[in-house]
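Next come two complexes built around chain A: one with chain B, the other with chain C.
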Partner chain A sequence: MMTHEASALRGRPAGPKGGAVRIEGARKVYGTVRALDDVSLEVAPGEFLALLGPSGSGKTTLLMTVAGFEIPDAGRITVDGRDVTAVPPNKRDLGMVFQRYALFPHMTLRDNVGFPLMMRGVPAAERAARADRVLAVVGLEGYGDRLPSQLSGGQQQRVALARAIVYEPPVLLMDEPLSALDKNLREQMRLEIKHLQKRLGVTVIFVTHDQEEALVMADRVAVLDKGQLIQIGAPRELYERPCNAFVAGFLGETNFLPGTVAGTDSGGLATLRVAGGAISGAAVAPLVAGTDALLSVRPEQIRLQAGPAADGALGGRVAEVIYAGASTIYLVDVGTAAPLNVRRASVAEDVLAEGTPVSVSWRAADARVFPGA
Partner chain B sequence: MAVIANAGANPKGFSPRLSLVLIAPAMALLVLFFVLPLTGLLDQSVRSPDLSIANYVRALGSDLYMKILLRTVWLSAMVTALALVLGYPVALTMSRVSGRMQLVIAVCVLVPLWTSVLVRSYAWIVLLQRRGIVNDTLLQIGVIDAPLRLLYREGTVMVAMTHVLLPFMILSIYGVLRSIPRDLSMAASNLGAGGFATFRHVIWPLSLPGVYSGVLMVFIIALGFYITPALLGGPETLMMSTLIGQQTTETLDWGLAGALSVILLALTLLLVGLFGRVLRLEGKGI
Partner chain C sequence: MASPSRSVGATTWPVTLATVLVLIFLLLPTLIVIPVSFGSQKYLQFPPEQWSLTWYRAFFADREWLAATRLSIMVAGLSTILATLVAVPATLAFARGRLMGQGLARALILAPMILPHIVVAVGMYIAFSRWNLIGTLPGFVVAHAILTLPFLFLTLSAAISKLDPSLELAAASLGAGRVAAFRYITLPLLMPAIAGGMAFAFITSLDEATVSNFLSSSTSKTLMKKMFEDIDFDVSPIVAAVSTLIIVGSLLLIGAAQLVRHASQRAPKSAATPLPVARSAMKTA
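After this line comes the complex of A and B, so read on.
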């Protein structure tokens, strides 16, 4: 729906013009709660960074400190090298899209989008022209005279986006902007926002609690928990090589198998003893033989084969088969507390019936072993 | 496409019969104690002493009565303006602070509201009378040699009426201010607006419904205010309701009292209607 007029917005050739954001040792304490606990990260110009975490993880607080609505107790925030830690929000020149859009209900869309321009002393006629142009960019051409209450949620979202980019801020902050939309629209808007961001070259910091959203949209994802930055990296890196059990469990689905360390080899692979035999995975940290450890393996990485346990595999029995369209989920009882969750493509000639004895295995490099239980 | 609120059908609406049952007690009370006496008054105004409009001719033809009517409107307007100027900042502060501070302000606003108007008016007498607290203090510190005449002046009535009516203004503005989402001010700030610009372009226009209802309420109550002007005012601050009171209790001229009441009521309705019209025109933009 968004037209390809993004460069018209700037009146000069498109290209990366985003700002660089640097957060150094940000701390924020509310009473006894550490909302931000020594968080440091850098966002490159033109990068799309997602801040991902459960509620109370500090992701919104971090965004608010960048926006200027929260002042960190300690630490420093710079945008393109300029220290903005103590600069009030209205002097930071950053764009922001709020969770509930925060459109001014008494102003037309043109006035809403023109508001930041009015604050910057742009004359009325130019304001209206630029607002109309940006409304066209987000697919709302000719809507300038309407009021926000006359729009659907998705359209309000687009207006909020238009208002945040009309003054060409170097950085766009987004606070769960898609959470109020229904599923289909949300998935459509993900790609639209991402495409618009690429065209404008603006740096985006995007807060979400939806791991799929983070994986789909972001260049890099920062996972936060209890005010701490746990891991930051490209979506694939985080999904395939989570640094601890929290990240493994929060991003996508996974199976956790607790066991005792039997040994490690020189290639970084560890073997765990579990109830049904021995299993292997890549160790994320040095492991001591005889201590407790936790192995994580993704449902789609597990191979199932009818018959008794093969060498180096676990023996199990199909407990339940759940057909989910493109894929089928097999719950396999391998003698652990919870059955293993295995996801396989739904192929007609390859169906394992409930009760079938199966051999369960995976490539050791596809599983991760974390110290502790 | 555009989703426009469906004004007609209300899925949560009560059936006509249930609605009638629910409003019946209040209606009965209003009819019994408001509509019937009012009808009686109207009846008196054209039949006492005999069937004519003489009472209206007397009321409208009298310079004194018209002067009192004008004074009532003017004083009410001044009280309303004063209440708005004093009340808006309080309401704004109340909507911004939280916790203990908010409680303190709320108590300061509500306690006067819960106190009888009579008590509050007598309190002003205690303060302002010839040997009252204000005069005593001024005499003691030597600012004045003789007690000032503070009571029975127009300014005194105005201040005391504002004091009595201020909570109505504050509460109706506060109610609207509190309902303005916090993220609108945040958005304005993020878009480059300083504190004053945010107020002028976002908070003030969105608070206008509360301002209008506060102004309307205070103005209408002020028009018919009786106790405070009667206690604190003198002959030169006579207001309509006090005048009407005199006709019914002292001169026992029920016909004139009825005519004056009807004139005051008509004027009130006229002003409310005008105000509603302005409001509807303003409301088109919201």
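After this line comes the complex of A and C, so read on.
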């Protein structure tokens, strides 16, 4: 869809295009709720950062402080070194895409997209030309005379995007822009937005509660919970090396196995005693022998083998087999409260029937052990 | 939207019939003044034996009637403008801001609509006579602006509550200051409601008799005051002619407000609210 050359958008010579955003110690309290609790992070020029968290995690509040709609009680926000903490939103020169697009219903698409240019004193003729050019970039060539109400949700989304990039802001803020779209369109728009962002080189801060969206789109993901920044890193890093049980559980699926610390080795691997035997994984923090700990292992990391428990593995029994197309999910009873969730590629000659005794194991380095229960 | 309304019309003809009967019941007494106004006798006659424009000619030849009409239109126009200038910023402040004593301010704005007009009239009479505003244009305009403000306030409040607040945030993020956001986004989207509220305020002012009765002087009286005087002294069919003119004028005004609404129907998500039922438009006869 967005096949047109994005460089048509840029009048100025090539160079560093995206802005650098720096948030230092941002705090915001509403009554007794800490919406932002000492959040600090940096976004590099041209980077795509996703703010991920459940509702009430502070991700939207954080975006709003960058946009200028919220002023933090404490802390500092800079864009390309300029302190904008107390600058009103209309003077920040950032682009923003809202959850429900917020297109002006009484204006044509051309006027909607031309609006920020009008606010910047661009003459009418140039405004219309630039608006049409950007509409073409987002795949809406020739739609300039239509009204927002005549468009589908996905098209309105593109207009909102066009309107936010037409004045070439260094930073684009997006507040759950895909949440109002249906699943197929949402998945298509993820890639379109990502490709457009790459071509424009604009820095993006993207709020979402959809972990898959964050993993697919972002260069780095910041996970927030209860107003605090829990972990920030590349999608793979977060998925494979979550720093606590919240991140492990929020990003993708995982199995939690509570146990008692039996010991740790010099390589950082910990062994837990559980009902069915001993299991091990990489310790994320120093562990004291005899204390409670929680092991997390992803469904696709677990190996199943028919037969009795091998050495260093857990013995179990296949409780349920769920065929899900490319993969098959095995619920395996290993004597814990909840059965283990194991995901294997669906290969015809390797099906374990329900009731089969199995040996359950994983590479210790693929599992994570968190202190506490 | 089209299919449910079609099925309602097709399946529930008793409801339609009842609606028509109620409308006839409501409108018929009002509409009787129209044929009466075209009579030629010196008293109110229905149906008239002879049709003529006698009483319209009499109306347009009478300087006192014309002066009262002119004053009423001036007062209605100016008080509507004044009330609108107060109502638009007030409703915006109430909807978007966090004001101290907001509940009290709202009660004060709505009070003239709730209190009996005679109470308001006596109070205004006492205050206005002290300030020498009795029988003056500013006196009438201020009084009527106070009386029509509640209607504008309620119409606009309803419209603003339907306006998506993120439109104003979007405007700000795109570089618009408060004034520009109001001028290019909020005001155009509120225009249908403002037009409807103004038409309603204008008619309310034109129709107002109680307060006008107290504020009128022997030389400066509104059309309603003049009509009441006329009914008291000689009951000429001029009153019927004036009533007919007011009905026609009110309908034209409501039609104009509807046109403004339809012009903005191009944008279906605008904050168009249904026009309040123009109760006063039909009450005069």
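Methods note: the second predicted complex is superposed on the first by the 366 of 373 C-alpha atoms of A that agree within 3 Å, B and C clash if a C-alpha of one lies under 4 Å from a C-alpha of the other, contacts with A are read in each partner's own complex, and residues count from 1 in each chain.
Just so we're on the same page, contacts are C-beta pairs under 8 Å (C-beta built on N, C-alpha and C of every residue); 3 or more make two chains touch, one makes a residue touch a chain.
Fair warning: this is a prediction, and the values are worked out from it, not measured in the lab.
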Fit or clash between chain C and chain B when superposed on chain A: clash
Contacts of A:119 with chain B and chain C, given as first, second, both or neither: both
Touching partner for A:48 - first (chain B), second (chain C), both, neither: neither
Touched partner set for A:370, first chain B, second chain C, both or neither: neither
First (chain B), second (chain C), both or neither touched by A:152: first
A:362 touches, of chain B and chain C: first, second, both or neither? neither
Contacts of A:69 with chain B and chain C, given as first, second, both or neither: both
Overlapping contact positions on chain A, where the chain C interface meets the chain B interface: 67-69, 88-90, 92-96, 98-100, 102-106, 115-116, 118-120, 149, 163, 167
Contacting residues of chain B [partner chain A, same complex]: 1-5, 181, 183-184, 186-194, 197, 201-202, 205-206, 285-286
Residues of chain A defined as touching chain C within the complex: 67-69, 88-90, 92-96, 98-100, 102-106, 115-116, 118-120, 147-149, 163-164, 167, 173
Contacting residues of chain A [partner chain B, same complex]: 67-69, 88-96, 98-100, 102-106, 115-116, 118-120, 146, 149-152, 155, 163, 167
Complex interface listing, chain C residues touching chain A: 164, 166-167, 169-177, 180, 184-185, 188-189, 264, 266-270
